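Okay, so subunit A shows up in both of these, paired with subunit B first and subunit C after.
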Partner chain A sequence: MNSKITCRNLSVAFSGENSRTRSVLDNINVTFPAGKMNIITGPIGAGKSTLLHTMAGLTRPTSGEVVVNDQAVSRWSGAHRDQWRRQAGIIFQHCHLLHELTVLENIMLPLIPLGHTVSHCRSQSIAALKQVALFHHAGRLANSLSGGERQKTAIARALVTQPHFIFADEPTAHMDAENSRQMMELLYHCTGRNAVVIVATHESILNRLPGPALCYRLENGALNHLTD
Partner chain B sequence: MFWHPLLLAIISAQIVALLLLLAGSLTSLNTALHWQPLSADSRQLSLEARAEGVSIQGRAAFWLSVFSAVLLVFGITNIFAEDIPGAMCGTGVCQAMSPRGSTQLLLYTGLLLLLMQLWHEMDKLNRMLVEMPLTDITARLFLVIPAVAVLTLKQTYASFAGIRPHQPVDCCAVVYDQFTTLKHAKSILGLGDAFWISAFIVLSLALFSLSVALRTSMVDRPGIRGLHAIISCLWLPVASLTLVNIFSAYHYEVLHHHCPWCLFLPEHRLVGYPLYGALYVIGMEGFTLFMLPRLANQDITVYKKALDRCRRAANRITFAQLLFLIIAILPAIVWRLHYGVWMSG
Partner chain C sequence: MFNTLQIWAFRDILRRPFESLLLAVTLTFAIATVGTLLLFPRAVYDTLTVVLKATPSIILRQVDPTGWRPLPIRESVQAATSVIGVVSVRPRIWGMVNGPDGPLTVMGVQQEGLPEILADPLTRLPAKGQAIVGWGIASHDPAGTLPLEGAIRQTYQVIHRLPEQTSMFTHDLVLLNPLDAQQLIGLPQGYASDLAIDVFHEDEQDAILSDLTAAFPWPVRCVTRRQSAGIYAGGFNRGRALGAITMIPAVLAMCLLVAVNTRKSMGRQSDLGIMKAMGWTTGDIIRLHLYRDLFVCLPSVALGSCLCFFLVYGPGADGLAGFFLGWDTLPPRLYLETKGAVTVLLEVAGVMVAPVMASALLPALKAATADVHELIEGAGRR
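What follows is the complex of A and B.
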């Protein structure tokens, strides 16, 4: 499967104070190919998270569309949008783990709607935990983890279904250099199975990337291609 | 003025359903006027998001309308009669309302359910496909519904407001007042029982055969659907008339008690609910079966889905018809086996 994600004239605006609208993304046209690392950088508040959330089907664009395999997934309605979300692995900036569940249970969650058996969910989740070197924390409650460990858990949860589309929002923000490198390598590994990997991060990480990447800068609502 | 907690529940459900319908009407109007699926501008995307909201509101209004209609029938048949002197069944309650008021109330309620059922099926079909190709048609249909909902609410209030709780009614005596002679009682519209039984058997066989043909057919058969609609339209009144005038006698075990409402009473094992329920299902599904492919013929994918729905409708009609036949006719057959003669001789 050789997928790609295309944003066509994508704009997102939020209503602000005094019923004024604040434009966050302005007429973005871009294609993110499969099998390559796509890095989006930009200043704080530039709209990186909004762009990722819009592509992942979490928010609707104000105008324009997100097209995946010739399907305008951003315009799909309710139940169909859920189907699109199930194809995507999303790493949130704030992790969004369920604190009352263990690390293993958190990672098993995306597998439940796919209808696998519990033993299959468990073995796949353990494999994902091993990939992020958190196997020894499998039985711990999520609220007892450190910031970096939570992010690793969130990464494992996003990758456990082996999705074709991965949206990572600041996936290494709370990690040291070594862990950060390991997690980026893991995301690079996903490009090897032809997944579309899009990472929103700070520019400082560009010098430490373990491989080639397509880099973009998001500023003032516009997305500009930097360099390969 | 007549008042009862159940009536409050009926009117409350109708008001909430109407508010939901009115709330969705503005978006439906915009959708009907400005729907442009090939465009991805802000107005179109906003309409798409709001159309999803209207779909949820419409579904809530649909189930509330079904709920209020069921409560209305239950109230008329089993509850309100207790508070009206002389009333023993729904006939007494309808009589207290005035015959015109009760007829209009039942007609408006039926029409509302018919339209909402069609909209609901169209909406379900629309949501099956990612492009939602029927959104503009469903929006136009949606715009018709609030007008009927207003009439239903107004008629519900007017009908029950017209009841004077201290004024006695004749109840089923009005059924007997319709006949001046025994010969008159033994005929329907001037035609004898034999004619109506024959018509019922012929139409039942025709409806059953056509339903089975539609259910099993793998290809589109618009001609059979049209014929099915005609037969359904004939079968429903004939089945109702034969039920009330001929078969009900075996449930009541009384000759010539032509009351349609007494079948709902516990004394007669509440058989009115499954019997009229089956008629309702056949009416609704027959209407869906006829209308859905006509409204969903713009797109080949959605048309195929509509044909699948028609097969399911044909299936439901078959089962509803079998249920009706078993419940309506079984007491007559038991009577014949037990006594060796039909009740009418």
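What follows is the complex of A and C.
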């Protein structure tokens, strides 16, 4: 299936101090196609994370809509949005691992409610761990990992269900150049199975991308297409 | 046998073993304590109801300024049967005597007019020099004799022991031949201790009293079955007061437990947000919490209920009766009225478990309506 995700007149505003609203995203219209790497750059605080979270169904837009395969998922009720999130793999900027769980259990987390057997969940998670070269840390608690290892764990957790939509927020921020390249290659690999991959990152990474990408810049609430 | 979510819930419990164990132990003892305090009066009430149903409608005694005195059997029966509404009159020979371990109740029995409670357990009646004893009376003599001291001192051969479940009131009872009983108690020939009178209808008990009193040429005192129930009920006030005092720490412990559980669960809202971001639905999260709490609560309810049952109906009843009712010599045997006991246990389990379950489910339900982004924001930088 050729999936795509579209933002139509998407705006997000947060209420700030003194009841003033601060506009973060302003009337964004864009379509992210499947099978290609989509890179969103922009200065700190531009709203990259907000855009990813809105598309992933973690928050609702103030106006406009997120359309996935002709379905306005941002308008769906809570229960249906829960189902939409099952199709998405999310990598958070701050990883958001569950500290009481081991690395392996963190990666198993998205598989548990899907109704697979424990052994299936385990073997899938181990395969994902091997992809990010963290198999030797499987039994360690998440809070004992370094920053880069946490990010690798978060990437493995997002990819373990082989989702059609991947939203990665600064996925390589705490990694060295070599690990960063490997993880970006892994995300590129997902475009090979026709997934929609959207990565929010700094501009510095653009010249180190291992393959072609659709690049956008988010600034002052507006998203501009940079180059292919 | 178990699905993946249930296994995950069990694994979740093992991640915090001491916390889960503490919850289970507290819940078990809270259920056992509150259950016992509610079940014990219920069991005593059920026992009394059963026992009183088997007792005569009215017990009539002759009194004088010094207290009660024996009744002449022939004249008394004649006077009582002359009252309209009286169905049967049974003269009883009984009294208190000293046994090897303390005071015992002695009763003279014969085939005619045998009390209903004793009709089934008695396979034969005591002949002269023989005794049938209640479950609570210990025989220290290997030869099976029982020395008793009343108006005379006499040793009797124990020929039978009443089964434990006969009645709460037969534990300290010694059944003798009527002639032996009369001699031991010191009753003159042709006299009885009191009259057991049955009336045609339960409601006539109180109405018939004035006619009954007037039918006797000497002063008499009558006690109806209802009055007896009231007298015994009064004896349980001490138990109720002690029960209320004992229940306070159990209820306080429960409140603390629920407060801690709620606080703990609310503190993990960010984890719920992450789980939802990972594709867990609200239903999945509620099921996980439900399984996790049931894995702790169900064994606690089972264990607490067993403990409570053991204390009320099992060997623990001796201690309880001594503590609540001051029965420090002979252990009672309480009747188990299954429906009533199960109702009490279900009530206790519901009252104790429901708040714990609610305290765990509340955050999950709250998370159902909250924005996932807002829930995760609470996690801060991880």
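Keep this in mind: the second predicted complex is superposed on the first by the 228 of 228 C-alpha atoms of A that agree within 3 Å, B and C clash if a C-alpha of one lies under 4 Å from a C-alpha of the other, contacts with A are read in each partner's own complex, and residues count from 1 in each chain.
Following the convention adopted for this analysis, contacts are C-beta pairs under 8 Å (C-beta built on N, C-alpha and C of every residue); 3 or more make two chains touch, one makes a residue touch a chain.
Quick caveat: nothing in here was measured; it's all calculated off a predicted structure.
On the superposed subunit A, the two partners subunit B and subunit C both fit, without a clash. When the two structures are aligned on the shared chain, A:Arg8 is found in touch with subunit B, with no touch to subunit C. By the touch criterion defined above, A:Glu65 reaches subunit B but does not reach subunit C.
Shared-chain residue A:Thr31: touches no atom of subunit B or subunit C. Of the two partner chains placed by superposition, only subunit B is touched by A:Arg75; subunit C is not.
Which of subunit B and subunit C touches more residues of subunit A: that partner is C. Taking Cα centres throughout, subunit A sits at the apex of an angle toward subunit B and subunit C that amounts to 40 degrees, reported as a multiple of 10.
Of all Cα pairs spanning subunit B and subunit C in the superposition, the closest are 7 Å apart. Under the contact criterion defined above, the residues of subunit A that touch both subunit B in one complex and subunit C in the other are 60, 78-79.
Contact residues of subunit B toward subunit A in the complex are 40-42, 45-46, 48-49, 52, 55, 127, 130, 132. Per the touch definition, subunit C reaches subunit A in the complex via residues 3-5, 7-8, 11, 15-16, 271, 274-284, 368-369, 371-374, 376, 379-382. For subunit A in complex with subunit C, the touching residues are 53, 56-60, 78-79, 82-83, 85-86, 88, 90, 92, 94-101, 105, 109-110, 112-118, 121, 150, 157, 161. Residues 8-9, 11, 60-65, 71-72, 75-80 of subunit A are the ones touching subunit B in the complex.
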